[in-house]
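Please find the structures below.
Here chain A shows up in two complexes: once beside chain B, once beside chain C.
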Partner chain A sequence: MEDMIFYDRLQFAFTITFHYIFPQLTMGLSLLIVFLKGKYLLSKIEKYNNAAKFLMKIFAINFTMGVVTGIPMEFQFGTNWAKFSELTGGIIGQTLAMEGMFSFFLESSFLALFIFGEKLMGQKLHFLTGFLVFLGSWASGWFILATNAWMQHPVGYEILENGKFVLENFGALFTNPWLLPAFLHNQMASVVTSSFVVASIGAFYILRNKQVEYGKLFLKVGVVFGLVSSILVAFPTGDWNAKNVAKYQPASFAAMEGIFETEEAGAEIVLVGQPNMVEKKLDNKIAVPNILSFLTHQDWDKQIPGMDQFKEEELPSNIPALYYSYHIMVGLGTIFIGVMVLALFLLWRKKLYSFKPLLWFIMFLVPFPYIANITGWYTAELGRQPYLVYGLLKTSDGISPTVSSGNTLFTLLGFVALYMLLGLLFLVLVGKTINQGPKPQTH
Partner chain B sequence: MTETLISLLSILIGIVAANLTGAIYKKYSFGVIGNTIAGVFGSIFLIKSFGRLGFDPLSIMDNGMFHIFLFLVNCLVSILGGVLGVIVMKLISNKLNR
Partner chain C sequence: MEIFWYIIIGIVLTMFFVLDGYDFGTGIIHLFFAKKEKDKEIIAKSAGLFWDSNEVWLVAAGGMLFMAFPTFYASVFSGFYLPLIIVLWLIVFRAIGLEFRGQFKYQMWKDIWDTSFGVSSLLLALFFGIALGNIVRGVNLGGVENGISAHEGHYFFLPLWNSSFSPLTENPGVIDWFTIVIGLISVVTLAIHGANWVVLKTNSSINKKLKGVVFKLNVTLSVLTVFSLFVWQIVNPNSLDNFIDKPYLMVFPMLYFTGLIGLFFIKKIKKDSHAFMLSTLLIVGGITSSLASLFPVILPSVNDIHEDLTIYNTAASEYGLSIALTWGIVGFILLFVYMIIQKRLMAGKVDKMDYGH
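Moving on to the complex of A and B:
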């Protein structure tokens, strides 16, 4: 049984991690595309239009890969998590179906119109199609987050005698107090990723002395959006999210912050330390006293319950993984703010385009927003364990009881092989697009 | 669970078919990037629309038994999806940009 849960979770973790490489870029990139297209409408300067259309090509490749890797997710609900789907389908089926029906179709239809229909529609309608792609991709995030928010903090449901969850209040799914902060935090994080990607493309063009005009534009847009979103992802959205975890999942909060023992007054914030699960303490700890209490409750001396206040079964099942995921996310987020503050300062001083060390650094920093996003999701998902639906349905009760661990392992290996192929194809296509660069329009 | 792998294989077959179509009939080609996108959506569209006739991945792996005939039908439909994806997208694109 333990083996079955492990391999089912491993397969889901692998496929969702690979899948989330793509939507995290498309959601943020759509905002930048709307900005550039809007800037073109106002200024009539052609380079903004070319830049928007170029980024839409990258969007299209990512969107396509997102669709391909999203299909296994849909299948896995039935194959690996049949019991979970059977018990909660009446609730999560609503939001997942809405995601497909409203967001996906909105996004894909208008994406095609944006790519092919500029001449036919004229510039204002072309901008509108870009805006609708943005709306579709963000609505997609909203419905997925609504599903996840219900799993993190279930609301508006009733449990029948046969154990099935049914929806009692449809509106509650969308007014769930978990949803809005999680959505805003997630969307800002995706803007961080796309800003860093755009900035790195800009840095690449400048360093190669190729498409320099566009390189400067991408770098400038990337740095400005990158700084604003990096700050917003920390405050207020990250702060709001953390307060929700402290309120609704206090055991997870203690684990992710690494609080093994409850302090009498005022909890410290841990900057560095390694969880020692045998002695129930953090090794080599560097911490700042009372800060966590202040950040969480705006009270320096407010007590925050540590893991010693909870029963073993109430605590997340993998505390070190949760702790590290959270700290990697926060650490990287802090680095992003620092880099973008420096880049904006140099931009203001008109030195950014010629300051090569920073250009190289920005270019090679591009995998890290992806890592931060993914570890952020790991924090949310590991924090919810050992539950699928927090406090109500355990992960062990949600798997498909008749699927063997050998079967799951075999298909997992198949996924690894197929995703390697897809990953290579993705890199080739994106590399080719970036190498071509934004082509000037030929009217 | 092999169903999921089959669904991915269908898409990859669609991608290959679309790129081969583009390579053979240049007038329908969008280049590798466009052909790949057309292949993905073409194969998904046909399999999702007509798979319930009996060749969707779940039917192929009915009760854990692998039905090779249904799998071959699935592959053929994916190829068709990839080919039609490129051709239809090119026709639409030409109409829009006329």
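Moving on to the complex of A and C:
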């Protein structure tokens, strides 16, 4: 039984982590593409159009990867989490089906039109198809977040005698207080990833001294969008989310912040330290007093319950993993703001394009927004444990009753092997596309 | 309301098999008949340009099944665990084959992508047919052995095969001689459909030859169809009851036979789109006839202890289904609008179309 839950969770974690590499780029990138295409419409400078079309090529590769790795996600609810699907399908089936209906179709239809149809449609319609791709991909985020929000903070349901969750109020799924902050936070994080990717491509073109004009454009767009989104992802959206966790999942909040003991007055904020689960304390802790109380409640002395206030079974099942995920995300987010402030300052002083150390740094920074996005999701998901539906349905009660651990291990190994291959091919293809670059400008 | 969603999901699934079906078929044709590099390229392209927008129908069907019939979704997806996951892997391999073909200049790499595309298309066609065979035959719901259930009555787990390969045992596997027959029918049908698609959408040099291929495949299909009608009766003796009770359901098998008979005249058919319509009829007729013969059952039980899964005992709540109806109608209208726009812009032969990569 333990094995089964472990393999099921590992398979889901692995496949969703791999899958989320792609949508987090496409959602943000579609915004940048709409911006560049719009800029072309207004200015008629060909550079912007070529840049938008080039980014759409990268979008298309990522979209394809998102589709092929996304279908296993949808199927896995049934294959590995049958009991969960049976009990909650009447509710989360709604939002998942709406995702397919309203966003996936929109995104895929108009992506094809954007790529093929520029000459057929003319520029205004071409811009419109780009905008619809953006709309589709963000709607997709909205419905997935609505699904997740219900699992984090269930609303609008009724539980029948046989344990089934039945939908009682459809509207409540979308007015869930968890949803909007989580959605905005997630979308901003996605814009961070795509801005950093675009900035990194720009830095690469400048450093290699080929297609420098596009390099400058990409770097500039990436830095401006990158700074704005890095700030928005922390404040206000990250802040709202943290307040929601403190309010609705106080045990998870204590665990992710690493507060083992409740303090008399204000709680400190932990910057560094390793959870020691035997002695129930943080080793090598560096913390600043009272800040956490202020950030959470705007009151320096407000008490925040630590992990000692909760029963063992109320606490998340893997506290160190949760703590690290959260701190990696926050730490990286802080670094992102710093780098982008510096880059924007140099851009303003007209020194960015020639300041090579920062260009190199921006170029190699590209994996870290991905890590920040994924650890952010780990924070949400590990924080919800040991529940699938917070407070109501345990993870151990959601797995498929008839699938043995041997079968799950078999498919897990298969997914690992297949995704390694897929990842390798993806890197080759994206690398090739970036290396080629946008269409050279014709003057 | 259950019936309404049953029909909607049936339509979406049929759309998936009609649309992605030609991609599978194109893969099969590509594997066996495309010899020259130029043909290989445009035939792969005639699937490569469309597969991802066709595959979204599968995603839509999965999502709707989850929403409308959660118990069925949970039971079937966990029960057919291994074949489903294998199908997922094959879908990935097909995508790899199509997307990477044009990316590398050496012929050796192209051959690998082509094989990946062709073989996974063939196996997908086979597996989807086998899946239909399993639904018709039924499964050991509740995992009953010697009168004792191992699971709740709506759960089961199917091995890929059992030692006898017979559909008539207490505990049948995914692959047995009956499901293989249905699998072969699916392969042949989709190969015909794919050949028609290639003729319709490309100027390949084998277009003329493919018409002969369709004819021969159609002869094979007729033989298989007649054979399957007999074994179908053995495996599921109640399969004609619905048609006798409600004779108007006969329209579905008639669609199938119209397609089958029509395709014998493939060489005389002037318009390529007409041939494609006939193979579409084969798919639509085949799926709808199977569903109609089972209705309202969606997964029969092979034991007497647990009752069949029907659309009534697996559905979500009435409130959920009716609220989904409102957004579903809006969604479908939008969907058809996109489709019309897309098909208009992408009409004609694919030879000259340029993929953005």
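Rule of thumb we're sticking to: the second predicted complex is superposed on the first by the 439 of 443 C-alpha atoms of A that agree within 3 Å, B and C clash if a C-alpha of one lies under 4 Å from a C-alpha of the other, contacts with A are read in each partner's own complex, and residues count from 1 in each chain.
Note that a contact is a pair of C-beta atoms (placed from the backbone, for glycine too) under 8 Å apart; a residue touches a chain by one contact, two chains touch by 3 or more.
Owing to the predicted nature of the structure, the values given are computational and were not obtained by experimental measurement.
Partners chain B and chain C clash in the overlay (superposition on chain A). Between chain B and chain C, the partner in contact with more residues of chain A is C. In the overlay built on the shared chain, the residue A:Val389 is in contact with neither chain B nor chain C. Once the two complexes are overlaid on the shared chain, A:Val67 sits against chain B and chain C alike. Of the two partner chains placed around the shared chain by superposition, chain C is the only one that A:Ser109 touches, whereas chain B remains out of contact.
With both structures placed on the common chain, the touch criterion links A:Val221 to neither chain B nor chain C. In the overlay built on the shared chain, the residue A:Asn407 is in contact with chain B and with chain C. By the touch criterion defined above, A:Met4 lies against neither chain B nor chain C after alignment on the C-alpha atoms of chain A. In the superposition on chain A, A:Lys119 contacts chain B only, with no contact to chain C. When the two complexes are overlaid on their common chain A, residue A:Leu429 makes contact with chain B and with chain C alike. Overlay on chain A, chain C versus chain B, candidates 39-47, 237-245 or 273-281: the clashing stretch is 39-47.
The interface of chain A with chain B overlaps its interface with chain C at residues 57, 60-61, 64, 67-68, 71-72, 75, 78-80, 108, 112-113, 116-117, 120, 403, 407, 410-411, 414, 418, 421-422, 425, 428-429, 432-433.
On the chain A side of its complex with chain B, the touching residues are 57, 60-61, 64, 67-68, 71-72, 75-76, 78-80, 108, 112-113, 116-117, 119-120, 403, 407-408, 410-411, 414-415, 418, 421-422, 425, 428-429, 432-433. Here chain C touches chain A in the complex through residues 49, 52-53, 55-56, 58-60, 62-64, 66-71, 73-79, 81-82, 84-85, 88-89, 91-92, 95-96, 99-100, 103, 143, 150-152, 155-157, 316-317, 319-320, 323-324, 327-328, 331-332, 334-335, 338-339, 341-342, 345-346, 353-357, going by the rule given at the top.
By the touch criterion given at the top, residues 53, 56-57, 60-61, 63-64, 67-72, 74-75, 77-80, 82-83, 85-94, 96-102, 104-106, 108-110, 112-113, 115-117, 120-121, 166-168, 170, 400-404, 407, 410-411, 414, 418, 421-422, 425, 428-429, 432-433 of chain A touch chain C in their complex.
On the chain B side of its complex with chain A, the touching residues are 1-5, 7-9, 11-12, 15, 32-33, 36-37, 40-41, 44, 57-58, 89, 92-93, 96-97.
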